[in-house]
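A, B, C and D label the chains in the order they appear, each numbered from 1.
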Amino acid sequence: MAVKRKSEFRKIMKKYWKNGTAVLGTCLLVFFIIVAVFAPQIAGVNEMGNNYQIPRVSWSSKPIAPTSEHPFGVIGGRDIFYGVVWGTRTAFRLGLIITGFSALIGVAIGSISAYFGGWVDEILMRIVDIFLSIPFLVAAMVMTTILGKGLDKVIIALIIFGWMSTARLIRGNILQAREEQYVLAAKALGQKDWKIIMKHILPNTIFPVVVQMSMRIGSYVITAAGLSFLGVGAEPGYADWGTILSYSRNWMTMLNESWFAIVFPGTAMVLFVLAWNLVGDALRDIFDPRMRS
Amino acid sequence: MKKILLVTLALLVSLFAFASDPNTLVNLTIGEPETLDGMHSYDTASGEVIENLYDNLIQYNGQSVTEFLPMLSTEVPSVDNGLVVEEDGALKYIFPIREGVKFHSGNILTPADVEYSFERYILGDPAGKAHWMIIEALTSSAFYTVEDWFADYAGMAYSDAVNADRNPISDEAKAKLVSFYEEVIDPRIEVVDNTVVFTLDGPFGAFLNIVCHFGSWGAIVDSKLAMERGDWDGKADGWWKWHDLEADEYAFHDFGGGSGPYKLVEWDRAQQKVVLERFDDYWAGPAAIKNVVIWGVDEFSTRKSMFEAGDADIAYFDPVYLDQALALEAQGKAEVTTGYPVSSITSLHFNWLIAEGSEYLGSGKLDGNGIPREFFSDIHVRRAFAFCYDGITFIDEVINGLGKLVPTDLPEGYLGFDETLPLPEFNLARAAAEFKQAWGGEVWNKGFKLQILYNTGNNSRQTVAEMLSYFVSSINPKFKVEPLGVQWPTYLSAQNNGFLPMFIIGWVADYPDPHNFISTYYASFGTYAGRQGQLFREWAIENVDDEIVAAIKATDSAERIKLYKSVQEKAIEFTLGIPLYMPVGLHVESPQVDGWYPQTARSGYYYYHLSKSE
Amino acid sequence: MDSKNALLQVKDLRTYFHTEDGIVKAVDGVTFDVYSGETLGIVGESGCGKSVTSLSVMRLLDEKGEIAGGKIIFEGRDVMAIPESQMMKIRGNDMAMIFQEPMTALNPVFTVGFQIMEAILLHQDVNKEQARTMAIDMLRKVGIPEPEKRVDEYPHELSGGMRQRAMIAMALSCNPKLLFADEPTTALDVTIQAQILELMKSLQEQYGMALVMITHDLGVIAEMAQRVVVMYAGKVVEYAEVLTLFKKPRHPYTWGLMNAIPKLDEDKEVLYNIPGVVPDPLDFPDGCRFNTRCPLATDKCRKEEPPLVEVEENHTSACWYVDKLVEMIKVSRAGEGA
Amino acid sequence: MPLILIGVTLIIFSMIWALGPDRLLASYIKSPEALKTPDAAERLIKKYGLDEPMPVQYLKWLGNILQGDFGYSMVGKKGVLPAMLERFPYTLELTIYAIIPVILVAIWLGVVSAVHQNKFIDQFIRVFALVGWSLPDFVFGLLLLLVFYSLLGWFPPGMVNTQFDLIMRSAEWNKITSMPTIDALLNGRFDIFVDALRHLILPVMTLAYLWWAYLLRITRSSMLEVLRKDYIRTARAKGVPENIVIQKHAKKNAMIPVLTVAGGSVIGLLGGTVFVETIFSRVGMGRFLADAATLLDYWSIIGGALFFSFIMIVGNLVVDVSYALVDPRIRLE
């Protein structure tokens, strides 16, 4: 059996590496991981304190064109290169924490709901409906006002209002899986409910969640940038791509003097989101049985 | 399909570029009015519309804020012309009312309209709005709200007299309410023949400034129309029903009821647009521009693009973007005026006794990880911080030179402004010396930690916080000052509870008189006193309160100047705060617009003065 | 019979699929003829390449599939050389096809009538009105009650048997010369199966078309076919006329299949089944492809591939040990008789 | 449905009241300078009952709602309900116009991509869509504004040209739907119609761009699934030409899951309007809600949230109806 799994895995990997876009996505991700890990070596550290705070290099907020000292230029008094490099860490933190926790909550609620059914399901699904009906922006804005400003608060707000689709997805999948033979068999053998969920159902339903997660990691970075635009995102000067893009907002009409403030963080963001999406797409094509020919 | 698309596109593109219309002026601004009724108006956006829709009794002479001209009053009262009379310590101001002035409704303006307007404002007096000014002036600073005034007269709190449904709680209360109007309010502003007489409890130097034009709290409304629209009926019985209502419950919240040079076409609150049209029967002659559109466009890039494309005649530019305005001027697309005074001050003050429960003090002890609540009651600490503010760099780099250093929290050009007083100095060596003396040397040895809060979205305040943090921390590595951006509601809450160790705050003049600044920042009863802590109040009562009160009551300018100078010298000596900068104006208009001049008391633009060439 | 007169000739057809895991040789050298008016049965377990054979003939393979070799000649024309635009006219008109699962083979979002009319309108010069009448006629012919009403119904509103009848109506609406029926009754229950087979038989007689009956069920073959091709793992393993095949199966696979047919007179509780499964098409065994499941398999079978040889006239088989099989069958049948 | 609405309002209420009276004051005092009278803070807290416990507030509010009173909107400067009603037509107009290109382009490209699965064109479309999808909307919107307005002068922000705006505010103008393009046609002013359309192009492009990449992917995977179905083979076996197989037989089936997602994303689309409305100086619900949330204008927040939930419920209804139109199997249920 183990041998078979291994060869199955090898087959999947073979398929994966044959997919051009998947390779591109993986390479990009590896690149970003390297940048994130070696951020202190690449861009240095903030001697005044928190490394995630971009050091101020000028009191003026005007854009300053790239020089050898500030290779990506300066905007809002902040070194863009430092912000883009350390922003990679922020992007990973943001994406991984949010998707991780919201998936956990979603999986827990979705599986409880699906497995027990009846009134438990009814109540939980109504709660999902209610959370889905609250306009996300309002929720995030009010939440950040309650919790205070800062990226960690944004993360909490996004988790609280981001678990519902996973819950629905997992519930749907489990409802399907519940009718499958192996589950019925396990039930007939008198296994405990939670054991059945953990051992039989989840492993078979988790893949769509993984695919969904990989695609959402990127989009959360964009959402956080949108919140920065609305003034409820990361604190000013935080090493975050969205924050730097927000700085460029009011200089956009003078692109010849401010292009670097859009191009560098913008490219980083596009490539990051792209990478996750390409990987997600490839994973889906591989794991989704309906997509197999 | 593709063809249709192309044709549509071509059609859409071909229709661009309408020639700019000389009859229409578009002003792109930020924000939008809260109300168009002087009752709730206390912001510049509302004030701008109201000053164009309504007239006041008198107006300023051009750019001056001390010389007045007649408006609805045919004369400016003064002791010399016999229209300011002293009687038993009370001061009477007599305004002869212009005849034949028409309201937009067609009604003729009478002295009764003037009486109604002011009494309506005083009785209405919504919480947090502007009418404290007239109440303070009439009562010689005895009261600031009509509720307190009533409480003093009736011996019962207003909330004990009127219930939540706006009905008197008892017959006794009702009788008190009625007689309060009849005996206290009504006699204050009386029609005598063709004049309106105001009675003040004593001299109040700023009275004429308060009722002067551009102040929406002195706008004269059409009383007939107001009553038709369900506003106060002018009677003693029942005035409380119109006290402290919501903005839209007053007659002119979204309806023009004035006699000014423009009438209201529409206030489109959804589109953030106010559309005005010339009032052809204006008593001083019709305005030059027929249509005015005041349009709130909050996104700077959009605003600038529209102005650049010629779709707007005036646009608001934040000082940070001066370069972008100058670039437009260089292309002949704009005329930029800078450097004129705007009656405003931004400064930083310290909290001498931070309220208990503040989260911004670190450990709350002088142990290197926090500060004690009384940290800033030590003059050396305050001085040291003041030496860490690099005002010249700040003004040059952050606000592009659109500001000036001033010695105290009194803007240039105001009575009592003295350029011989020393300006804030940036000197890290002296700062270090002061820190060494502070708290008996403990500060220097142990270090401290605190947070400077600013409300996010305000670039200048953020930079000040960062600058102080940077320089203070650079003096001694044990000094940790963290700038902390919080959202406005949190900031407001921290501020009201006295939690802020220090606060950066501006003040925009209500009326151009030094009292409005000096008392605000320095008096123990000033608006900002509470935020500076109980220890500061005690200091102020002991050192400056008497002089501030004497100054507003004095009628002689020389006497006032002397008193204000003394207060300012103490403010500098004790380093009550850091006067960060006095903003100066930035006005950007298209080359077609003529007639604009700076006027510090004005809110936004007075379109009557403007014209547009083809 | 002379293959020159054949309606369809398939010669050494090889259809390969290029997948990410490698080349799948779904059909690997299949030869047979179909004559007008007759019924040819193709039998084998699923995964043996029966359906792919028919899809190859109709040129309906998806992009991964490719006809790697052999010849397909329909009415004397080389099907592989016909341009796609011509092929479209042949499909539905000259060659038609019925699929196994009537629910999924009918488009759920169109009415039954529409789907029949579409074929008629594509291939015949009639207007919509006429096409509708013809569709109703067809429905009547396939035994659908109230065809005027049914014509406007959606597939989900019909029972499984009705759907298959509608499928047949659709396939026959243009009077094709050749009809592939790919497991037409597998998804239906037994009584309906019989009805549908009966219907197909009578329609075949009526229209005189050739029918290729693809099935895993030898019972169906016995009922319908005149000649039979037995396929295993992409190859023809035996070919014979139907009576010959049942009397004298000459390939162990055929014999296995025959033992899998439930017989009414049998009182055995457990049916005999061929052990194991059809091998992975990516990884066919060397030698005879049936060697992994064959009771007679020897080392020779595992090394050398048996050729398809004539064991008697009009009867070919691909097995090294036909003789041994004959022995075995004898023993077995004797046992049964006792 | 009422359950959801009550749930939504309860959650938002609790969130807002968790802030406490000091912070709620922010909706009445908008800047540090605005709090000019010393006792105004306490007066305002008392006047608006900010210090009352949450359940009291909630019941009061429910009582008022039942009488049609949604409270005063600090953002709208009028009642919450009229403030929302005057904004809704603009958002509706924008959304309707945005949905058209989304559907046309996304579905078209999704189909193309699926039909040419894994070929160059498919990879190209997917990567191209993803690149678009990866840029924050406000950057995209500002760049559009820059190119098509600042540089080319083609498509200005706002709703209509100022001259037309004045006409539309005059007495002879019939305000029927409050949607500029439709009102212009109803008033027989083709020039105003074209002008309004001109102002709509950039916002529509920005808004559409937010969603077309998303919808494209769904269309693609749905199409891929459908193309493997037996009935597609049946259609081919009938001799149906390939383009009809795809455009008719496959597409109609592929639209079913697309519809589900499209319906669900209506609320997201409305949420996306906040950026578009801000950048292009337009009016609408998105900005209303964002402004309300920034200001903590709680009656507006709650009113807006109610409104959005209502829209979502209506949206789901519309999806159900269009389901029935596309998928005959639904009708039976």
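By our rule, a contact is a pair of C-beta atoms (placed from the backbone, for glycine too) under 8 Å apart; a residue touches a chain by one contact, two chains touch by 3 or more.
Since the structure is predicted, the reported quantities are computational estimates derived from the model, not experimental observations.
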Innermost chain, taking as reference the mean of every protein Cα atom displayed: D
Most distant chain from chain B, judged by the mean position of its C-alpha atoms: C
Result of counting contacting C-beta pairs for A-D and A-B, higher pair: A-D
Chain centre separation in whole Å, for chain C relative to chain B (CA means): 90
Cα-centroid distance, chain A relative to chain B, in whole angstrom: 45
Interchain centroid distance [CA atoms averaged], chain A/chain C, Å: 51
Mean-CA-position distance for chain D and chain A (Å): 23
Contacts with 2+ other chains: residues of chain B: 301, 305, 308, 489-490
Where chain D touches two or more other chains, by residue: 19, 23, 142, 145-146, 150, 294, 296
Of all residues in chain A, the ones touching two or more other chains: 145, 231-232, 249, 252-253, 293
Complex contact set, residues of chain D against chain A: 3-5, 7-8, 11-12, 15-16, 18-19, 23, 123, 126-127, 130-131, 133-139, 142-143, 145-146, 150, 217, 221, 224-225, 228, 267-268, 270-271, 274-275, 286, 289-290, 292-294, 296, 301, 304-305, 308-309, 312-313
Residues on chain A engaged by chain D in the complex (per definition of touch): 20-21, 126-127, 129-139, 141-143, 145-146, 218-219, 222, 225-226, 229-232, 242, 245, 249, 252-253, 255, 262, 266, 269-274, 277-278, 281, 284, 290-291, 293
In the complex, chain A residues that touch chain B: 48-49, 56, 58-62, 77, 144-145, 148-149, 231-232, 235-237, 249-254
Residues on chain C engaged by chain D in the complex (per definition of touch): 55, 58, 60, 84, 88-93, 96-97, 99, 101, 104-111, 115, 118-119, 122-123, 154, 156-157, 167, 170-171
Chain B-touching residues of chain D, taken from the complex the two chains share: 19-20, 22-26, 28-41, 43-44, 46-47, 72, 76-79, 83, 86-87, 90, 142, 145-146, 149-150, 153-159, 161-163, 165-166, 169, 191, 194-195, 197-198, 201, 278-281, 283, 294, 296
